[in-house]
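The same chain A turns up in both complexes below, where it pairs with chain B and then with chain C.
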Partner chain A sequence: MDPDKQTIIGSPERRVDAWGKVTGTAKFAADYSLPHQLYGKVLRSKHPHARIVSINTGNAAKLRGVEAVLTAGDIPGSRKFGVVVKNQEILAGEKVRYLGDGVALVAARSAEIAEEALRLIDVVYEALPVVSDPEAAMWEGAPRIHPEGNVFVHHKVRKGDIEKGFAESDFVIQRRFRTQFIEHCAIETEAVLAEPAEHGGVKIVGSIQNLFSSRRSVAAALNLDLNQVQLIQATLGGSFGGKDEVMTSMCCRAALLARATGRPVKMVNTREESMLESYKRHPYAMYYRWGAKNDGTITAMEIRCIADGGAYASMSPFVTWRSVVQATGPYACENVRTDVYAVYTNNNYTGAMRGFGSPQVNFAIESMMDELAERAGMNPLEIRIRNCFRRGSVTATGQKLDHVVSLQEVLEKAAGEIGFEEKWKRYRAATEGTHRRGVGLACSYRGVSLGAEGADAAEAAVSVQTDGSVIVSSGITDMGQGAGTQMSQIVAGVFGIPLGRVRFLNTDTSRVADSGPTVASRGTITGGAAAKNAAEVVRATLLGVAGEMSGISPRDLEMAEGYVVRTADRSRLASFAEVAAECFEKGRPMHGIGWHRSPKTTWDEATGQGDAYFTFVYGANAAEVVVDTETGKVDVEDFVSVHDVGRAINRDAVRGQMIGGVAMGLGYGLLEEFVLEEGIPAQHNFDEYLIPTSMDVPPVKTVIVENEDPAGPFGAKSVGEPANEIAAPAIVNAIFNATGKRITELPADLERVRLGHALRRPGPRGSALKETEQSLPDLSCKIRPAER
Partner chain B sequence: MNVTVALSFTLNGKPQELDVPPNMTLLTLLREEIGLTGTKRGCDVGECGACTVLLDGRAVNSCLVLAPQVAGREVVTVEGLAPLGTLRPLQEAFLDHGAVQCGFCTPGMLMSAKDLLDHTSEPSTKEIREAIAGNLCRCTGYQQIVEAIEDAARRKNTAR
Partner chain C sequence: MKPFTYIAPGSVKEAVAALHENGGTARVLAGGTDLLLEWRRPGVRMPAVVVDISRIESLRRISLEGPDILLGPLATHGELMRSGVIRSGAAILASAASTIGSPQIRNRGTIGGNIMNGAPCADTVPPLIALGATVTLSSADGTRECHLSGFFNKPYATIATGEELLTQVRFPALLPGTKASFVKLARRNALSISRLSVAAVVSVDDSGLITDARIVPGAAHSVWKRTMEAENLLIGKAPSATLFAEAGRVVSAVVIKETGRRWSTEYKEPVIAALVRRTLEKCFTDNDGHPS
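Showing the complex of A and B:
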């Protein structure tokens, strides 16, 4: 019997943090306050692109209750930050590049006084031409957002010979797809409380996703050592990738104000501020051209994607790298040429969001697959199974998949659960009525964790108390997804104790090692592996002590059900707590550090070849919709989500990730679009930006597939992002089945479904825009593709 | 400036007497004056439901209620559900069904659910979904929350 099968690994345990969350005692960042705290506010830009001529803060500083007014010149250290390219400014000095750029800071005795002070700051701008269309931004002579030019990323994949591949094809399918800006919409907005520390440094509690990168920027801005900057994660009210750079700038700003005033400074974004400043999911323009044979074999794929990076580089180089690796989907093709670009514009900058470069390309790939099915005279399930990767397949980047590749399994389970083939045929033949039904299918493969993006290692610490209770801490953060529970459950599994005996401490940069960012669905596989290693260190010590207590060799002992037991006859020798107490009496270490470094990956930037990720996960979604052909309204009536997660550590948590991922994907597919008109957001709060409610999301059937992978702890891999990345194409394919109309732009809202295109205003509106427009001699970049 | 009005009301079963500015919202009163931070601020315009509390037993967005409006009335917040740390069946059900992820919407969800369960003994799935339609959740996709509320209704009826 597998020793961990009798433990709590896999069990739907209660989350370790849920008690606090149902009683109102969980403390989120905005719930922290300190005596004599001040409130910080940011003055943001009035133009999407402008030179700053002058800033006069005199009147604001004189306002009663204002304690500090700062501009870029007041930053003692580095003004710039950025994980890949350091070109984002804590406060804009010479130029603003999007409407969310901060130009001045105020700390005051109340948020109201701070806001009043912002209105007294006089900034003179010289407006510059606004670049809002990423494809136009690539043109020769387009106004430059940064001195080095607008195209800042070009990733390639080159495999085989596409000319030969197209020559061998019987037909070619060519389509352009577009996706939209998406807001993360964590229900908690950004918040920090920064406090001057006794050693001249600063301590910050906040809603921070990636504490170590934010810490680096705070230290650089204030000329401090890393050990003088302590960042502590408050209970985080959702992130989805969205509390990274925007929190770095907030941490730096609050720390600067705390330094300037010597007082604690609290900053909390309103929803409007959050939507205005925060980065979004990248909109992509995608040009897909596939050659195929009449039997459905794909002979060539030529793919070109342009990602709108907005004003700053942020995570674009990494987001687009995942896109280039996964742009062909999980389908065999000998001849591939993929180019993915990221370009600067004066839109909100774009960065990490759940999926990270996959939701966009998956929409294109899975739409193409259905078109291919039509042309080849096959159904969408047959065409996918015919072309999908199997164990031993070689990907577009030349990587041989040497693990269980479960695409056929997940596809057949999703299709079987929804009754796909029979319904697809029946709905396809139905052409009457105003309410048409359709079913759609989508699948994906996804590289686990960071891959060849960079170093991939994490630390966890496990500390056993003398009463047998356990404290787990890690550099991997819980953002609400449940990483803390997964790590705690793994530790409980190693010790054979109930989860209720384990506490998880939120990440504190001064107490655990830099573990990189909690992104890329690496929480369980990387943090969990580190936690397992840490627990095993202490377990060995405890079993040694138990051996001394019982006179039995530790090799013949195990930990189960809260006891140390003899393996041979399962007899209980001592409780876990008794062994822990004895361990303390004997002066043995009850604290263990676990480190986990992921297996090596390789990448050749010139050819786009390499073992991009150390392992992959596989998933399939199936949707059934009803389309009202008179209004374009789409109701999702049934949904099946199937994911191979390697091994579920906590079944309820995995299921929650899968359903939540579908809900977010449904929003992406049908509802959500953060509209920017010449760099000016059209939405500011949830009354304008609509996310799915309980009435929009159908009951989702979840099927957890477990093909254990030796790369992960107890065989576990990932689920957070895979869960989100194929819902939209499944829905769009269902709309095609229902109506025979292919949606090539997201979201598939009323207009796009009913009319086949979005309703757009002919030009910019509003007095502010007119002002900008008049000062522009060169309007070339303001022309939208639709009007060209 | 600095005008205040005297306010008396009942909060989680206990009488409160204080002076508040007339334009202060109930949400700000709870979080910033009284220090009960369990009630959350997500949008401040009555769209997200994170600030939901019970006012005379019915769910309201506390960001849309002015503090003086609660004079003489009864307010219950998430902190009032289990004052002594003994969870109610509704809270237990949320734990058992994985209905909590980040937890930011949870206090509001609980209060909307409590309103429903206090007024409907055997709510249908549709009634449950309607009852929480004003509470946005970005993590869960709502299903486990709906299942938890269904279970809480059963637990309540069994206990009766």
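Showing the complex of A and C:
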């Protein structure tokens, strides 16, 4: 270690959970078991939309080894849950609204017996018309999924005079874009172990992202007080936004079975069950119409987006709200009219996924920007720099950006690193050969944390032990993204001790305060700020004790390199451990609670005006691709990711987020598509749902830009979601540079790149389909079709 | 709750006896890379009996016998890739095997399984047909040998009865001067199923004229077949870009003629033509044929 180093902040320290994960001592939810535990399984719907006429569980209940069979009527408390709109059912009572809906539960002595029991449950359905196209779902007279109608969200932004803006324009660009359903693909599927608690209530260990909202639903379903429901986070094998409602539902179901049997109940989804039931990233249909002047100035932006919300509201109201705030991209325009809708269909419901409403609109915005460059006769870098926000710019929602707005900096760094301008010109001129090269650029601005969605506060607790080791716990959870390392490193920074002296505890709802959900890239900025506050409480006590020990005023002391040192001459007075031991001897508190509440945000729903987020982050991506024009195969050969993160707490963690974000964004751009036809999924596992392999992701050059923001701990902001949200448009813009053809629907797969549109199979498809001699399998042919 | 009766015979004799005893209803398990996935499907009908042949060591060989290469059905894709016999006598097969799945799948998946599963996208089948392979089927009643080109009835169905076990694959090693190559189009660069593929074996005489050609497109027909129309076009002519492009158009036309114009034809028509042209070009550049 650098002997002159004053602080651990920014250092590429090893993750606090690395050792346990690589040696196998880390315990994931499915690794937990208890004596006498039962196995819970869910009977799911047979129809995407149907009325339940009757459910007969008699035969299943009689099967040897079955301990409980439950239906909606067996739920003592609230049958419904939902953070924004409470309309999702733990078990469907009268109606099923998508194929993943659960209608009955079984607890049995083995998973196999439970599976067998599911086959013995007889459910009579009356099929209802299936609504699978969100735009058709908006029509008057479309079958209703919920009584209140299918359009359940309409967010607006109104700025200036849109008619005047178009009147002033020299030309208008109008495009329609579409994006697809995306599966989160956490390597760990959903899993919980629920047990009846010692003194009543229930205790659940699980793979849960947002423990406090899941706890509320369990308590409501079982008629328990919140203090009777203890949710403990197991080491989590990835979430990406995907372990919220689907886990709430699993927690409720396991708790109901544990209550009914008085025994621990374990539930683990297979990958197939997970893909069938879990929520996805929203597909969007986006209508973009921009007016611009010949010099590239944008005079009007008219934007209309329709998000497929699927069967339940889930996070759609918030996801689409972020879209409406960010739908113009980081570009100045006086006249804006944006409408974003979310509608119900009988598809998988859609909710939070890394990006949360930004990957969709960024694809449209950044494609439009390149189209604008074409029309204005500028290159993609020039057009962006000409129009992008600067410090003092006013966004579409009327918010003045009064922090360092580094768009030009990140754009120039991304472009410079990949050699953008020279290559863009050269590749554009090349028209020979079957394999063509292209470079593409994309950038974004992103509101940090929850914004005007709601209260934004979190707790962390720091406890110094008598040997100088430290325990950190928080209501902000580590899902593998590194929040535990960030919070621990911040605490180590405040105490001037090595990270190895800090241990992070996974969230336990009965031991830390409700800190809201761990979403919106708020782990470091909110959780980290709370951890810093907590550590500073204890630091003040420890320095007081050190002052008494040395006779030097605490004001002249600081903590560095494991010691309390005199600021003036850097002389070491006592080790951190000695001061901690002395603090205990003197009976002083060595435990600190830190609370952090984010700065105020405002929003006017009618006009879509307000200070939507308390600060923003800025990023740019540049991609270089090779397009096989004869087959449509695209290879990404080079990639540069540049993000202004405020300040990196751990440079390797930031780089990890950036590289992982690009890999995931590459899948979004080129490969991934969860296909539903009339509400029926065509993919069940990773043999059919294709995510990028290490052979598909090029080495990613990462550039960390640091413009410290006073809103974050040590100036840190966010990187988790920004890292993921602009890779796809950078790639699609590179395809345009290579071929001159604009891809307007994701993913840019073989067919779309070769033909300019997707192949559409008439009628049903997928490997579940019985193949005939006339019907060769086209999507997947690895597995023999099921013999039923 | 036993899903099926499991039998692990130690010899071919025991294996065919087990198949016979179960009246042809048993499923044969080798590497398991297709079967285990199939059994995960919701609603799948499990077989009553599974005969696991993976312990029959005699079915694992890769050897040269006179002019022929003999493969046991348990030879894995990984072994084919690495085998000196294959790399020098049928590099096209090593090349095709190397495109299958991931290292883990290649170390479990077998050539016998790839053939018997009968998926239209099986990557070793087009090269084997182009190499003129025959397969030996054994049963309690004896053995028979058939050409792989006539082995498949339709997707996932072969002429083998449920009581027959594939025990050997045989094909002549490529002669000096023979050129061969395999081209696969997939959606991603690893762990990917063929969208389309083409295998070609081409012989030329001393004057450079093509004397023999075999072209087998993969994942294109419902049953693999050589495209004689295109092969005949090549024979007697000197290799050229124009000739290969024309051969590509002929193969594409033959495929479309068989399958009819379907929703996916718009894509397959030009792409098959391009892949055939590339495969033939590759024969004359970095070919997988006999190292001369």
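What we mean here is this: the second predicted complex is superposed on the first by the 758 of 788 C-alpha atoms of A that agree within 3 Å, B and C clash if a C-alpha of one lies under 4 Å from a C-alpha of the other, contacts with A are read in each partner's own complex, and residues count from 1 in each chain.
Just so we're on the same page, a contact is a pair of C-beta atoms (placed from the backbone, for glycine too) under 8 Å apart; a residue touches a chain by one contact, two chains touch by 3 or more.
What you see is a predicted model, and the numbers here were worked out from it, not measured in a lab.
S.K.: Once the shared chain is lined up, is A:Lys633 touching chain B (first), chain C (second), both, or neither of them?
M.R.: second
S.K.: Is A:Leu759 contacted by the first partner chain B, the second partner chain C, both or neither?
M.R.: A:Leu759 sits against chain C, while chain B stays out of touch.
S.K.: For A:Met369, select first, second, both or neither according to whether it touches chain B, chain C, the two together, or no partner.
M.R.: neither
S.K.: Is A:Ile162 in contact with chain B, with chain C, with both, or with neither (first, second, both, neither)?
M.R.: Touch status of A:Ile162: no partner.
S.K.: For A:Ala285, using the defined touch cut-off, is the partner it touches chain B, chain C, both, or neither? Pick first, second, both or neither.
M.R.: neither
S.K.: Just checking: does A:Asn685 make contact with chain B only, chain C only, both, or neither of them? Give me first, second, both or neither.
M.R.: both
S.K.: Would you sort A:Thr693 into first (chain B), second (chain C), both or neither based on which partner it touches?
M.R.: In the superposition, A:Thr693 touches chain B and chain C alike.
S.K.: Based on the superposed arrangement, let me know which partner A:Arg14 touches: chain B (first), chain C (second), both, or neither?
M.R.: first
S.K.: Considering each complex separately, which residues of chain A are in contact with chain B in the first and with chain C in the second?
M.R.: Common interface on chain A, chain B vs chain C: 270, 685, 687, 692-695.
S.K.: Spell out the residues on chain A that touch chain B in their complex, using ranges where they run on.
M.R.: Listed in rising order, the residues are 12, 14-15, 17-28, 30-31, 184-189, 235-240, 270-271, 479-482, 652-653, 655-656, 659-664, 685-687, 691-695, 697, 699-700.
S.K.: What does chain C use to touch chain A in their complex?
M.R.: Contact set of chain C toward chain A: 1, 34, 37-38, 40-45, 102, 117-121, 154-156, 185, 187-193, 195, 219, 222, 259-260, 263-264, 266-267, 270-271, 274-275.
S.K.: Of all residues in chain B, which touch chain A in the complex?
M.R.: The touching residues are 31, 36-45, 47-48, 50, 77-79, 81-82, 85, 87, 91, 94-98, 100-107, 110, 129-130, 132-146.
S.K.: Which of the residues in chain A come into contact with chain C in the complex?
M.R.: Per the touch definition, chain A meets chain C at residues 110, 112-113, 116, 270, 272, 434, 630-633, 635, 671, 684-685, 687, 690, 692-696, 749-751, 754-755, 759-762, 767-768, 771, 773-774, 776-778, 780-788.
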